[in-house]
Structure formats: C-alpha cells, structure tokens
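In what follows, structures are represented as structure tokens.
Next, two complexes with subunit A in common: one pairs it with subunit B, the other with subunit C.
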Partner chain A sequence: MTSVRVFFIGGWTSYRALFGWLSPWILIPTFIIEPVFQILFFAYVGRDAGVGDDSFFLVGNAIQFASIPCLFAMGNTIGGERYAQTLGLLLVSPARRVPLFLGRALPVIVNGLLCSLIALGLGAAILRVSIPLDSLPLLALVVAVSSFACTGLGLVAAALALRVRETAVLSNLVMGVLLIFCGVNVALSALPGWMAAVGRVLPLTHGIEAARALVSGAAWSNVRGLVVDEAVIGLGYLVIGLAMLKWFEVESRRSASLDRA
Partner chain B sequence: MAVIEVDDLTRSYRAASGIWRRSSKVIEAVKGISFEVERGELFGLLGPNGAGKTTTIKMLITLLLPTGGHARVLGQDVVKDAREVRRRVGYVFGGDRGLYERLSGLDNLKYFAELYGVPRRDQGPRIGELLELVKLDGRERERVEGYSRGMRQRLHIARGLLHKPEVLFLDEPSIGIDPVGARELRQTVASLVEGGTTVLLTTHYMFEADELCDRIAVIAGGEIVARGTPAELKRGVSGGSVLEVEVFGSAEDSMATVRSLPGVTSVVVEDRGQAQVLVVRVDTGAEVTQAVLATLGGVPVGRVATREPTLEDAYVELVETGVPA
Partner chain C sequence: MTAVLRLLLVGWWLQLKMRSRSAFDGILAIVYPLFFATSVLLMYRQGGSESALIGAAVGASVLGVWSAVATTASTSLQQERRLGTLELLVAAPTRFALLVVPMTLAMGTIGLYSLVATLLWGRFAFGIPISLGHPLVFALASVATAVGVSLMGFLLAVSAVRYRGAWALGTAFELPVWLVCGFLVPIAALPGWVRPISWVLPPTWGVAAIRHAAFGGSPWGDIALCLLLSVLYAVVGTWLSGRLVTSARTHATLALT
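Coming up: the complex of A and B.
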C-alpha cells in the first residue's frame, strides 16, 4: 500500500518538484512549437530531395520528440535530487527504491505520449497527411510504448547522471544518437550495417516502424511483433537503470560519493 | 537498554583533488569512537569544525558505511538492518538546502510523509500539528524558494518529526533560527525528550548544549576528548573560577606573564567590540586579580569580573589542549 502511494503520489510530486519546465512559457515552445519545426524541416528537405513522403518524416520526428520529456524530465527528476541535496534524505528514508524511482517514470511517459500525439496531430494538419481514423487507438498505443521504452533509456541516463552530476549534457547527446540511429529521418536500411544494428537495440526504432505501418493502413497483427520488441527493449533499459541506481546507492554509502562528482 | 550503541566506530574518506591526475589522500574523519545513549536521553556531540560529528551521525542514520567498528540503533545494526533503522529514526540537519524549492512547504512535508509510510488519514492532522509547532502555519502553501533561511530550517525540523521517530538525530538544528525561535526549538526538543524520544544533538552553541543535554561527548580530530554531564565537564576541566578583564589596548603582551602567575591554569584573549578581554582561568582559592592587573601596566582597563566557568570555557580548554579522555 505504502509502495503504491510512493509510486503514484510520490512519483507525481517529484515530477512537479524537479522538472522545471512546468511554466507555459517554456512548455509550449518546447513541447509544441519545436517539434512542429523539426517535422516541417525534415519534410521539406525530403520533398526537395525527392526522398520519402511527408508521412515518413511526420511519424518519425513526432515519435522521436517524445525523447525530450523522456530523457530530460527523467534526468531532472533524479539528477535534480542531487542538485537540491535531497538525495541523502531520500536514501535514509525507508521507502522501497523501485517504486520510489519508477514512480517518477509514469508522469514522464504520459508527458512523452502527449508531446508526440500533439506533434503528430499538428504536423498532419499542416502537411495535410491523412491518418486513418480507425488506426488512432493503436497509434496512440504504439506511441505510448515508444515513450515507455525511451523513458527506460532516460532512467539509465539519469542513473549515470547521479555519478557525473550533469544531466542535460548527457541527455542532449543521447537525443542526437536517437535522431540518427532510430530511423527517424533515414530508414534503417539506408544506414551502414553497424548503425542499423545499434538502432535495433535502441528505443523508438521499432515503435517508429510500427507507427509508420499503421499510418499506411497495416493491421495490428502486422505490427504486434514490433510493439512487443519495443516494449521488451524499454523493459530492458528500465531494469538496467534500476540496477545502476541500486549499485550507486550501495557505492555512495561506501565511498561517500553523494557529496562529490 | 542503550538505544544508540557505538563501538570503536571508524570512518575514513578518500579525498580527491585535481581533475585529470586524481591524487587522493585518506582522511580519517572518525577514529574509533565509542559511546552509548540511553533511552530518553538527550546526548550532545560537541566539537570544532571537521571534528567528525556529521560523519558519525551519517553512519548512525545509515547514509554512510563505517570503515571500522560497529553501531547499533534501537538494537538494529546500522549496516545489516539499515531499513529497520531508517524506519525508526529521524534526521534533521542544519542549512537551507535539502528541500524541494519548487514545491510548497506543505507538499514537501506530504512527500516525506509518503516516503515514511505515514498512513493517509494521519497525514493531515500530523502535518497540521507540526506546522503549528514550527510556526509555519499560514505559510505552508507558499513555495519553499520564497522561504527565509530560518523558515527552511523550521521546515526541516517538521520533516524530521513526521513519522514520530523514536530516535532523533539533530545536526546543528538551530542554525539560522532567530533567538526566540531557537528558544522555542529548545523547548520543543526538551518536550520530545520528555515524551520519551532519544535525541543526539550537535551544536556549536554551548549554552544550548548546557541547557539541553543530559550528557555530552566532546569530539576533536575524530576522537572523543571528554565526556560527562555539562556540570561534570565544567567542574572537570579547570575547576576554580574565571577572571575576565576588559582591556582597551593590546592585552596579548601580558599573556605570557599572566600565564606564569601561580594559580592561573590558562589564559585566552577574546575580542569584544573595541575592547579585548583577557579570560583567565584560576584555581579554586587562588586570588590573582591584583597580580593580573599589575602585569597590564599602563594599559587602560574596563570592567573586571569573576564568574563561574561556563560550558564554553570548558569546551575551549578541552578543544585547545585536546587530551583524549
């Protein structure tokens, strides 16, 4: 019971406490205007170069944009503890660590989902890409799973950030990697083999592929495997992230690393 | 039964310096200290900056592992049974960090109430009563970023008490709190102790320790140099009395001569505003006032007074001579 409350209420509270973008002046440009710019940029480059169609770029970039909240918010909600010097207080509390840290992922996943869906909707309206109405529920599911998987990677980055102190630098790097390796604007088949291989173990790759298929009319049975892969990858990162946090906690008690970089 | 049992507790740190070529040296912050605190006792840990007080507390609240020795709190080992210890102890440190700036004071408290598993129906009344206790009621819905330093410190205190801990660790809890607030805090601590809470307190305010503590350990350089009740410490150190001579001019010149007078145990000079004060500790029965005044020659002298030694006198002497007990 306590752990359930720590997961939901605690998670939401720390999201509010540590993710500092909750002001409309930052929220709207970052989560709404910027993704649309990115979608338009790649769509027009694509049109000009005569590669891909608008819906290819729309789906790729809209989903990739979930990584902004998934990486940055996740980094902040854990890395921020260190900055606020509240981490020590958390670690002397008896709360179970898994719900304590995982609870922070839930608002982040919802944030990522909303961010992608809005980008998808606005982009589709501007570029006049038609998305089949009956694919919408499944599309939302795919985006949610992608957002979940990306949050898993965010947890790994956040755990690393506890060691290296700075979260934004790392998050920016990872964002760049996702943009290139996940088939966002260049299909995996067009990437050098090793890059495609890396892409296949990153979050978003399978989600983007599934979403593209859905938008072009594929049935659930065609994309189910992709969605499962995306979920499994996300779960994998989540487990790695939690293990790293656990290790870091043990290590901090041993070496007093909480107070230094 | 002792509620806190510390046995030969040791902690060393590896302090790094430099960015590329990390050289490190080992700092022995706590060097094998032992003490016990009984249930319902208020135990003071005093000592100069860097003496190892916070390090000791961090080991007792399970934030740091000892590098040697053992400690048990409420019968639970701080290494093996960390979670049980965490559930039953509270921790308040001094300073204005360690709060969620963007949340209100109320939300800060609610969050920690969740982490400590305070049942939901108890949270409201408990938080309300604590806000009243620390005099933050009425301001609890404001964001902490707008709180003054003392308000933050009060919030820390309320946070540490949320789950009604059986043992409370207070690391300089009165830092930044105004005199009236500090007095109220002392009353709060005293009433907690009356209610059966065991408290381990560190402070740099000697009158605070004198007023509150049942027993005190003075720690310097990671070792306990003295222990006892405040009265014992005051008696034990130099006995006798303290002669204070206010001097308008340089008092340092005569220090050596004063120190050599028969009956004088120690001399220190303190600056007080425009004057310097010669603080002379004198053996019981010895009468040195005239002799001390004579050594000052033509330097103008203000107030001259003899008083009982305070805990501060005892502390200064202990820390300056630093003989382990």
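Coming up: the complex of A and C.
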C-alpha cells in the first residue's frame, strides 16, 4: 500500500512541486506555441526543399514534441531535487525506488501525450491537414506509447543527472539526437544507413512511423508490430534507467558526491 | 562618451568570458542549433537541389545567432535577481540599459561562434561547397545581424523582467523568429499578413544582407535597415527599462516576480 501511495501521490506531488508548468504563462508558450511553430517551421522548410508533405512534418514533429516534457521532466526529477537541496533526503528515505521514480514518470507521460495531441490538432487545423476521425483513438494510443518510450529514455537521463550537473543541457542534447535520428523530418529510408540503424533503437522512431501510417488510413493490424516495438524499446530504456539510478545512487553514497555532481 | 564605450566594452568582455564558460549559454548555444541545421540540411539534400542546399547552409548558420540570444536574454535579468545582483545593477549610478546591453551583445557574439560552427559543419559533415562572394562583407553583415539580434534580445530582456516564466517566453519566440525572418524559407512563401511583422524585425534584413554578401547582390541597404531597426529597438528598450526600474523602485517590487 505504501508503494502505491508513493507511486500515485508522491508522483503527483513531485510533478506539481518541481515544475512551474502548471502556470498558463509557462504552459502555453512551452507546450502549445513552441510545438506548433516547430511543426510550421519544418512544414515550410519541407515545402521549400520540395520534400515530404505537410502531413509528414505535422505527425513527425507533433509526436517528437512528446519527448520534451518526458525528457526534461525526468531530468529535472534529479536536477530539481538537487537544486531544492532535497535529493539527499529523497534518497535516504526507505521508499522503494521503482514506485518512487515510476510514480514521477506517470504524470509526465500524460503531459507528453496531451502536449503532442494538442500540437497535432492545432497543426492540422493551421496546415489544413485532414486526419481521419476513426484513426484518432489509435493515434492517441500510439502517442501514449511513444510518450512512455520517451519517458524511459528520460529515466536514463535522470540517472545520468546523478553524475551531470547541467540536466537542461543534457535533455536538450538528447532531444536533438531524437530530432535527427528518429525520422522526424527525414524518413529513415532517406537517412544514411548508420543513422537509420541508430534511429531504430531509439524511442519515437516506430511510434512516428505507426502514426504516419494511421493518418494515411492504415489499419491497426498494419501498425501493431510498430507499436509493440515502440513499447518494447521504451520498456528497455525504463529498465536500463532504473538500473542506472540504482548504480549511480550507490556510487554517489560511496563517494559522497550526491550534491557535487 | 568614452566612459560609455569603455563600460560597454568591458561589460561585453566580462559577460562573454562568463557565458562562454557556461554549459547552457556557451556550449549548448553552439550545439543546439546544429541539430536543427542538420535536420534542415538533410531535408535539402533529400530535395536534390545543390543550389538550394548551399542556400540552406548559409540560412541555417544564422539560426544559432538568434538561438544564442532568445532564451538567455529573456532569462538574463531573472538570473541577476536569483544571484542577488539585480539590486546592485539598478542601484549603480550608470543607466540600467547600459548594463544590460553588454549582456545581450555577449550572447550575440556567442551566436557568431555558432554561425561559424554551422558553416564548418555544413562544409565538413555534408561536403557543401560554400564560396562566399564577398567574405569581408559577409563578415560585416554577420556582425550587423548579431548586433540586431542582440538589441532585439535587449528589448526582450527588459520586457521580461516582471515575468516569472521569462525563459518560456524566450523559448516560445525562438522558432517563430526563425520562420518569420526568412532564415531558411523566403518570406514571400509565408502568408501575406506575416510580411509586415518580418519587416520590423532586424534579423530579417540581417539574413537578407548575409545572403546577398554570400551569393552576390548588394547587401548595404539591408545592413543599413538592420542597424537602423537595431537602434530603434535600443531606444525603445532604454525607455522601457527606465520606466520599469522607476516603477520597481516606487512599488518596491524589484526583488519580486
């Protein structure tokens, strides 16, 4: 029961306490204006370069934007605690680590999902891209799975934050890698082979491919494999992230470097 | 006059040294635009037009100039407040604007590093052959653009001083300015109502000047417009900063957000 409470209440409290995103003055510029303009920017660049169509850039960038809250929020899970000087208190607590950190991931996944869906809707309205209505539930599922997968990667970033002081820089770098390697604006088939290979083991890649197929009218059976792959990749990163957190926590205690990172 | 120039120069150099050593202001300001530039260059390479790719390489190089200023300028006074130095800046006998301008000029200078880094990235990672028509004029146009962007950042910095989430404001402006100022996409390709917005933003003329200097054509008119608008932004920013400081002193709200 304690673990369930740590998971839900602890996660939600942490989300509210650590991030000022609940203010509309921050939430709207960060989660609405920025993603919509990223979609418009790449759609117009795509038109100028003569590649892809608006739908391609709309879906790629809207789903890529799910990674922003997932990466930054998870990175801040450690960085924010350190800044508030509560990291030591958190890690000295007897709470089990899996519900402690996964509880912090849950609101972030929902945040990523909403951010992505709003960007998708607004972007579609501005660019006049029609999304089949019957594909919306499955599209939401794909975005949710992609958000989960990004949160897994975010957990790895959170673990690294036990060693790296600049969590915002770290999250920006990871986001940049996703932007280039995951087929957000250039299809994997048009990327050099090694880049496509890297992209296939990153979150988002399969989710974006599945979402593009759904918007083009593909059936669930055609994208099920891609969604499963995305979920498995996310799960893999989640496990790696938890293992790294455990390891770095032990190392930090041993070397007394928790607040020095 | 000499004292003002000395203040600007010393302030710029001090800020440049500090910010160059910051992972966020220094390193990320150079690396982050490279991700967008890489995406853009991959797109143009896929498009198959060599001339469009070269044009994109030049346009992409300017992305970082604005990136280096947008978020950092909007948060610069918040940072001073957090460090407890905002009161000292306001209490100094020097005009407040003259203390803020060197901050954003230093950010614009870091943006110039980014410009060079992106051009080199295009040359060596993508093999894009860039031969600048007038290298010296290109350098001059780049500096004029950096000055324009810096003074736009100055206005942003003083406007955001009362805004708790100033960083979000700067982040939200980053991509719109890339788009509206024609860094990559010609302004003519944007909806008609966007164009008047483009015309009042200094980077629009700076980017046009850089393109002219790189590919032929006369950049002087664009450079002049960029600098003229920059002066206008500086004047508005100075007036606004004076009003805000007076208001903050009157209401004792300087330390509050």
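Criterion: the second predicted complex is superposed on the first by the 261 of 261 C-alpha atoms of A that agree within 3 Å, B and C clash if a C-alpha of one lies under 4 Å from a C-alpha of the other, contacts with A are read in each partner's own complex, and residues count from 1 in each chain.
The definition used in the following text is that contacts are C-beta pairs under 8 Å (C-beta built on N, C-alpha and C of every residue); 3 or more make two chains touch, one makes a residue touch a chain.
Just so we're clear, the structure is a prediction, and the values are computed from it rather than from any experiment.
Student: Touching A:14, do we find subunit B (first), subunit C (second), both, or neither?
Tutor: first
Student: Who contacts more of subunit A, subunit B or subunit C?
Tutor: In the superposed model, C touches more residues of subunit A.
Student: Can A:194 be said to touch subunit B (first), subunit C (second), both, or neither?
Tutor: Neither partner.
Student: When the two structures are overlaid on chain A, which partner does A:40 contact: first (subunit B), second (subunit C), both, or neither?
Tutor: Second partner only.
Student: Just which bits of subunit A does subunit B share with subunit C as contact spots?
Tutor: On subunit A, the residues that contact subunit B in one structure and subunit C in the other are 20.
Student: Which residues of subunit B touch subunit A once you look at their complex with the stated criterion?
Tutor: That would be residues 13-14, 16, 61-65, 83, 86-87, 91, 97-103, 107, 110-112, 114-117, 120, 159 of subunit B.
Student: Write out the stretch or stretches of subunit A touching subunit C in their complex.
Tutor: Of all residues in subunit A, those touching subunit C are 20, 23, 25-26, 29-30, 33-34, 37-38, 40-42, 44-52, 165-166, 168-169, 172-173, 175-177, 179-180, 184-186, 190-191.
Student: How about subunit C: which of its residues touch subunit A in the complex?
Tutor: Residues 23-24, 27-28, 31-32, 34-36, 38-40, 42-44, 46-49, 52, 56, 163-165, 168-169, 171-172, 174-176, 178-179, 184-186, 189-190 of subunit C touch subunit A in their complex.
Student: So in the complex, the part of subunit A that touches subunit B is made up of which residues?
Tutor: Checking each residue of subunit A against subunit B gives 2, 5-6, 9-10, 13-14, 16-18, 20, 84-86, 88-95, 100, 253-256, 258, 260.
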